[in-house]
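Some structures are shown below for you to check.
In what comes next, chain A is part of two complexes: it sits with chain B in the first one and with chain C in the second one.
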Partner chain A sequence: MSWVGRRMRRREDGELLTGQGRFVGDLSRPGMAHAAFLRSPFPNARIDSIDVSAATAMPGVHAVLTGDDLPADLAPQPNTHLFGERETPYYALARGRVRYTGEPVAVVVADSPYIAEDARDEIVVDWEPLPSVGDVDRALDDGAPVVYDDLDWPDNVCATFEKEIGDVDRAFEEADLVVTERYRIQRQFACSLETRGVLAEWDANVNELTLWTSSQILHIARDLLAQVLGLPEHRIRVLVPRIGGGFGAKFHFYPEETAIALAARASGRPVRWVEDRMESFLATVHAREQRAEISMAALADGTITGVKGEIVGDMGAAMHTVGYGPLWLTSVMLTNVYEIPSARVRARAVVTNKTPLGSYRGWGQPQANFIVERTVDRLARELGIEREDLRRRNFIPPERLPRKSLHHTLDSGDYRACLDRALELLAERGWRQRQAELRASGRYVGIGISFYTENSALGPSRMLNEGGVQQGGYDIARVRVEPGGEVTVYTGICEMGQGITNALAQICADTLGIDPDQITVVTGDTSQVPYTGYGTGASRGAAVGGAAVARAATAVRAKVLRIAAHMLEANEHDLVIESGRIHVKGAPEPAVTMADVGRAAYIRAIELPEGEDPGIEEIRAFDPPQFAWPYGANIVVAEVDVETGEVSLLDYIYVHDCGTIINPTIVEGQIQGGVAQGIGAALFESLPYDEAGQPLFATFMQYVLPTAAELPSVVIEHQHTPSPNIPGGMKGVGEAGAIGSPAAVVAAIEDALSPFAVRINATPVTPATILELIADAAAQRREKVVAGA
Partner chain B sequence: MKPPRFEYSAPTSVDEALEILGREEDATPIAGGQSLVPLLNMRMAKPSVIVDLNGVEGLDAVEADDGRVRIGAMVRQRRLETDAELRARVPLLFDAARHIAHVAIRTRGTVGGSLAHADPAAELPAAVAALDGRLVVRGPDGERAVAATDFFLGPLMSALDHGELLVAVEVDPSPPGTGSAFLEVARTHGAFALTAAGATVRLGADGAIAAAGLGLTGVGSIPYVPEWLDEVVVGEAPDASLFERVGARVGTEIKPYDDIHGSADYRRRAASVLTARALAAAAERSRNEVA
Partner chain C sequence: MNRRVKMIVNGRPFELEAEPRRLLADFLREDASLYGTHLGCEHGVCGACTVLVDGEPVRSCLMLAVQADGAEVETVEGLADDGNLHPLQQAFSDHHALQCGFCTPGFLLTALYLLRERPDLDDEAEIREALSGNLCRCTGYKNIVDAVRDAAGRMREIRATEEG
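On to the complex of A and B.
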């Protein structure tokens, strides 16, 4: 029986649940000092001067650094996703100009975080506030403050991306129906339980830097830091201890990582900084915020013939590590899983005086899904076709996969079977009937449907480079048999709470024929683990990381069998490995164990075949030939209290296909967590700014995260279409839950409110907005009546 | 988020605590710390001395005698939920306590701390006001009792003077047959109330309303208690239209704030609805009690 596919408890859970996990904030080094950042209180300002003398003079303060103290040749913080945008240079600490509230301006190094904050409060800055803009529509107006006026930008548009397939104009001319909708998706961020943190230590004797950081991009963080500091990569060792959640925000390389490294060098001490909760709301990249206008053309029978999309992304004050990648992905996902022959999309990345936008689980796809799925619902209503029927009619059928879509090539699967099963579950759970009964008794209960696909297993390196990404998409794994017969796997994928070490152990166990508990998976240390092209994100750990492990383990297996064949005086092709015992297939005796082979490989070379190198250790890369495309259906049952606007989620059905499943328990946890964040997007989370770019949020009192009390237990079913492009067939699932959930939740609310005929095109949908929507819809009906009379 | 430097004192008696509070310019008592510690960490509060009440004798008792219930200031909010006798005497406090944050916070947080903090969206001030409670304040010149409706002066502002300490809250026990309800709209379970209404209703033998109480939070700078309630409801039949009328009138009288979670208008509408529902639920419970 194989280990892949088996439910297994995660090896780290005992440690984590008993509070033994060691995160950056738990680490200490001899003589370590603590850092605090002074951040800009203004959305846009010149810094005329900074006086740090009082701060520097305070007892217990070891160093205070400002932009003036940065090395003259320090490079700006890099962006690795170059999609043809204007450069937006920013540094570890602001150099004479800040462009968003929260931008780091100075760092204090002191004996304790308390003293560091005391000293920070003594820094005197002579600010010259400048006109600023906190709203993307206003940023596009003529005469709006130009965020990069000092770089002579004519306006605030940082980049424009356009893509077109098919004959769009003809599709719209010949359409029986065209619908046009405008959507607004709010600013959110990947708010993890553990905030970011950095600990840096310089060894001046050898000019070597060790950096512990709560990051999803081990080698990329190292390389970017090397690039910024002008050091060779191998002079920097990056370590990632336990991570308390990343969700994309830690896929970025931050100014604080550079600044803390410099602070350690300047102070001659190890320096630790742990982002506090308040600064996390401003200093960690934001995500999601977009305005969109979309039109769909359809024939009367429901065939969708064309889509046009215009997306504007509020990128905040700079292109962070991934540039406007998520916005780009939104634009090229506007055909979803539908066979739409023509499409024209335009994405504009616009800068404002707000925290830079970056990655968050789904990376632009939740927005695309919301925009498309809500518009499909609208189309269904206008055409008088059931929502599920309209989707069925337009799904790319399995026999036509793989198929080039708007930009990517969707790989495999049966979308209709997936949606049908979800609808079957809805029927089995009696919701259609219960909805009718509850409605009859005066309650407002609705059902929402969405269907998603996900761009996962990122990705083919050449395709990434062609698109402008200055990173690879491959992964490299090293697998070693130890002298005692145990196995160690080294991967560049980071363990950030998603349980990847378990999945990789299960893959390796199957390849080698040993138990997972004989396998140690080492992560998070550039001095030990092989390079990863892209890092831990894009739902690629299990698929790309896993395939690399399988390849390396396959090579290890070949050597193990050669050695065992020699020891057993058998033909290696006749041998099998079962639970660590190697013998001729069908004849359990004689056998050698992995321990026997390990001893031969390392200690008793006399037992090795002639010419065989000692040691058993193999390193292999995997670069996927294509992306993988998992998909799934979300069905939500929601009830609305139309007097208070409160929403209750009564049921949540999720049927999906992510290819081969390694550990169903982990997959279900990923889905439940992704759905929780999607519900957060639909109902709760928002980072509003005023017109000038001052944040209207500061703590969890404003940034509302759903808790267990608000979240339904998701009913999950798996379907299995192995990826044709990934050895092992895994497609990836990390982001999936976050993608289709906002559209389904909002659709359910809209359905619940169908007696009022409200249309919901913006998130989050709060109790207050629900009452406003009902009132607005009533006012519109009255207007119509008046106009009709 | 580290507090600035402060002195710390740990008195063991109320007199000792009062002595420090009277002597220092900006001493702040700390009870459960669930509001003060975040304010310290955000450096929004910078007291010179923190006077820890956790070791002070005699502030954590619940006494019931002579037709009154006296709850010591240091009684943990959690006790309002777990003390069956207290619940039987003042069920509205039980109903309200369940909406205060989460169990962990209620286990640390105190009744007196919440009342003295006077947060305009907190539950206990509204509940105590609905019960027509009295806050027992001790200062250098002895003890005084302040009616709840006089105690709360504004957001985070109370009738406590410099050098005074809230030592207890007193309420009348709810007579047998009293029903209560505390209903709240919040963005998430345990978050501060967008608005909330606490109500008590006792039906007479004739089925008409014999007594009622009502208090709202999240409807302005202080808890709202309609003075006209008895006049409007006592002697009336407890039907939905009566309670909706009360709710509608409450909506016109309160002066709630706008914030990013909802407009003043939203709060007004929600407060009207919750008022009507809380009164109806309390009446229903009274009916069940009597039956």
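On to the complex of A and C.
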């Protein structure tokens, strides 16, 4: 029986449930000191001078560093996703100029965080505030403050990406209908419950640095730090302990990682810094913020023939680790799963005086999905075709997959079967009828639909490098049989709550024919685990990391069988491994155990076949030939209270296909969690700034996360179309829940408010927004009546 | 000026010097080495640092250690009994009610208080409302709600067995 596909309890639960999990903030080293950062209070300013004398003189303070104290040859913080943008250099600590509120300016090292913060408050900076811009439309105006005026930029456009397929002009000329819509997606961020943390320790004798960090990108963090500090990579050891959620924001390499390393060197002590929550709202990358204009051309029968998209991304003050990658992905996902023969997209990355934009679950795809799916709804309404029918008409049919889309090649699946099953569940749960009944009784209940696909299992290294990404897309795994017969798996994929060690153990168990509880999975230490090309993100851990483990385990299995065959005097091709016992297929006796083989491999080499190397340890890489594309339907039933503007989600149906499922319980958990974040995006979460770039948020009272009281239980069903690109057939699922949910939730609200004929093209849809929409709609109706009279 | 602070934490006495401004959370974590109490916001919203002080749930990021002088404090480390998981902990594992586990100690302590106050609790909406002072960013809450409901049942059964 296979371990893959089974619901299994997670191995880390016991530790986490008893308070024994250790996150960066729980670690300490002998003589450890604590750090606090002074951050810019201005969105744009020159630093004329900094006086740290009072801070340095305080008892318990060990060091104070400013931009002036950085090594002269320190490199700027690197960006690994180079898509032809202008350079936006920024450093561990600001050097004479800040470009966003919250930018790190100085770091204090002291005996306790309390003293470090006291001393931080004694630093005196002579600021010269400069004109600043906090709105992307304003940033594009002639005469707007230029964020990089000192680098002689003519304007605030950092990069422009364009892509075109098919004959777009002809499609639009020959269309029976063209709809054009404008959308606005607000600034949000990943907001893991654990903020970021770093602990650095220098061994001055050998000039080696050990860095514990809450990072999803183990080796990449190490390599980038090495690059910035001018050290060989192997002089740095990066360790990742328990991570309290990442969701992409911890996929980045941050100025604080460099600054804390330098602070440890300067103070001669191990230094720990844990971001406080208020700091996190400004210092951790933001995400999502875009404006978009999209046009779709269609024939009267509903066939979509062309799409034109113009996306503007508010990148904040600098290109962070992934550059404008998410914005780029939005632009090339504008055909979704539809067979649209022509498309022309343009993405412009624009800088403003705000926190840099970066990764967050979905990485540009929730925006693309919102833009496309809301427009498809509009098209359906204008054409008088049911929303689901319009989607069915345009889905790429299963027999035409794999198929090149606007940019990527979608791999496998049956989109129609997936949507149909979701609609069936909607019918089974009686919602069409209940909606009609509730409406008749004066309640505002709506149904929203969206369909998504996800760019998972990143990815083909060659394709990434060709596109400008300075990282691989492969993963490497090492699998070892220990002398006692247990097995250890080493992976560069980090565990951050997604349960990846369980999935990798299940894959390895199946390959080797042993129980998962015989397998230890080691993560999070560059001195132990093999290199990961890309790190933990892009829904790649189970698919790419898993395939690498399967390859290494396959090689281990071959050696185990060779040794066992020698011990059993049998032919290795006749042998099987069942629950750790190796014997001839169909004959359980005689047998040797994994422990017997381990003993032979390490201790009693006399039992090895002639010429066989001692030890059993194999290392293998997997580099996917293409991405894998999971997909799914979200159907939401929502009720709006038109007196208060409050939205209640009455039901949530989610039918999806992520290929081979390793552990359904974990997959469902990922979906529930992803959907929760999408609902947060649709209804609550926002990071607004004023026109000059001052943040209008500071705490969880402004940045509202959904609680148990607001979220529905998601009804989830799985379908199973293996990916042809991944051995084992897995597709990623980590980001999926967050992609299609905002569009479906907003569609349901719009449907609920259909008596008012409102259009909702922006998020979040707060109660205030809803009341305003209803008031506007009422006013417009009155105007019409007046005009008619 | 430091003050002497005494408290009983998970049944064991602690007596330490603390600055008056020292948070109860920092006292528990750094001074008592009980790192299971996590700080998620330090402004009393997320609930990750919830502990029970004399049986009442408290945000240990909003309480000073000196304010807990003389009190009995319960943290996540005190839940399991001789290595046996508390029914709440077991239910959390059974229902996959934790992913990263950072918010989990706060949820467990909130739920412990809740089920002591309301051992009869079974209604999903009531449980959701009662847990709405704790934030989780991973799970979407469904499995946490299911776990608390299941744990309530298990605890009722245990009580019935003990009483019967």
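FYI, the second predicted complex is superposed on the first by the 783 of 789 C-alpha atoms of A that agree within 3 Å, B and C clash if a C-alpha of one lies under 4 Å from a C-alpha of the other, contacts with A are read in each partner's own complex, and residues count from 1 in each chain.
Definition applied: contacts are C-beta pairs under 8 Å (C-beta built on N, C-alpha and C of every residue); 3 or more make two chains touch, one makes a residue touch a chain.
Owing to the predicted nature of the structure, the values given are computational and were not obtained by experimental measurement.
By the touch criterion defined above, A:W629 lies against neither chain B nor chain C after alignment on the C-alpha atoms of chain A. When both complexes are overlaid on chain A, the residue A:Y474 reaches neither chain B nor chain C. In the superposition on chain A, A:F189 makes contact with neither chain B nor chain C.
Of the two partner chains placed around the shared chain by superposition, chain C is the only one that A:G669 touches, whereas chain B remains out of contact.
Judged by the touch definition given at the top, the superposed model places A:E646 against chain B, while chain C stays out of reach. Of the two partner chains placed by the overlay, chain B and chain C both lie in contact with A:D276. In the superposed model, A:G14 makes contact with chain C only, not with chain B. Once the two complexes are laid over each other on the shared chain, residue contacts for A:F697 go to chain B alone; chain C is not touched. Touch counts on chain A: comparing chain C and chain B, the chain ahead is C. In the superposed pair of complexes, A:G244 makes contact with chain C only, with no contact to chain B.
Counting contacts as defined above, chain A residues 114, 276-278, 699, 701, 705, 707, 709-710 meet chain B in one complex and chain C in the other.
Across the interface of their complex, chain A is touched by residues 19, 21-22, 29, 34-43, 45-46, 48, 75-77, 79-80, 85, 89, 92-94, 96, 98-105, 108, 127-129, 131-145 of chain C. Interface residues of chain A facing chain C in the complex, by the touch rule stated above, are 9-10, 12-23, 25-26, 114, 191-195, 242-245, 247, 274, 276-278, 496-499, 665-666, 668-669, 672-677, 699-701, 705, 707-711, 713-714, 737.
Residues of chain A touching chain B in their complex: 112-114, 117-118, 121, 276-278, 643-646, 684, 686, 688, 696-697, 699, 701-702, 704-707, 709-710, 766-768, 771-772. Chain B contributes residues 1-5, 38, 42-43, 185, 187-192, 194, 260-263, 266, 269-270, 273-274 to its touches with chain A in the complex.
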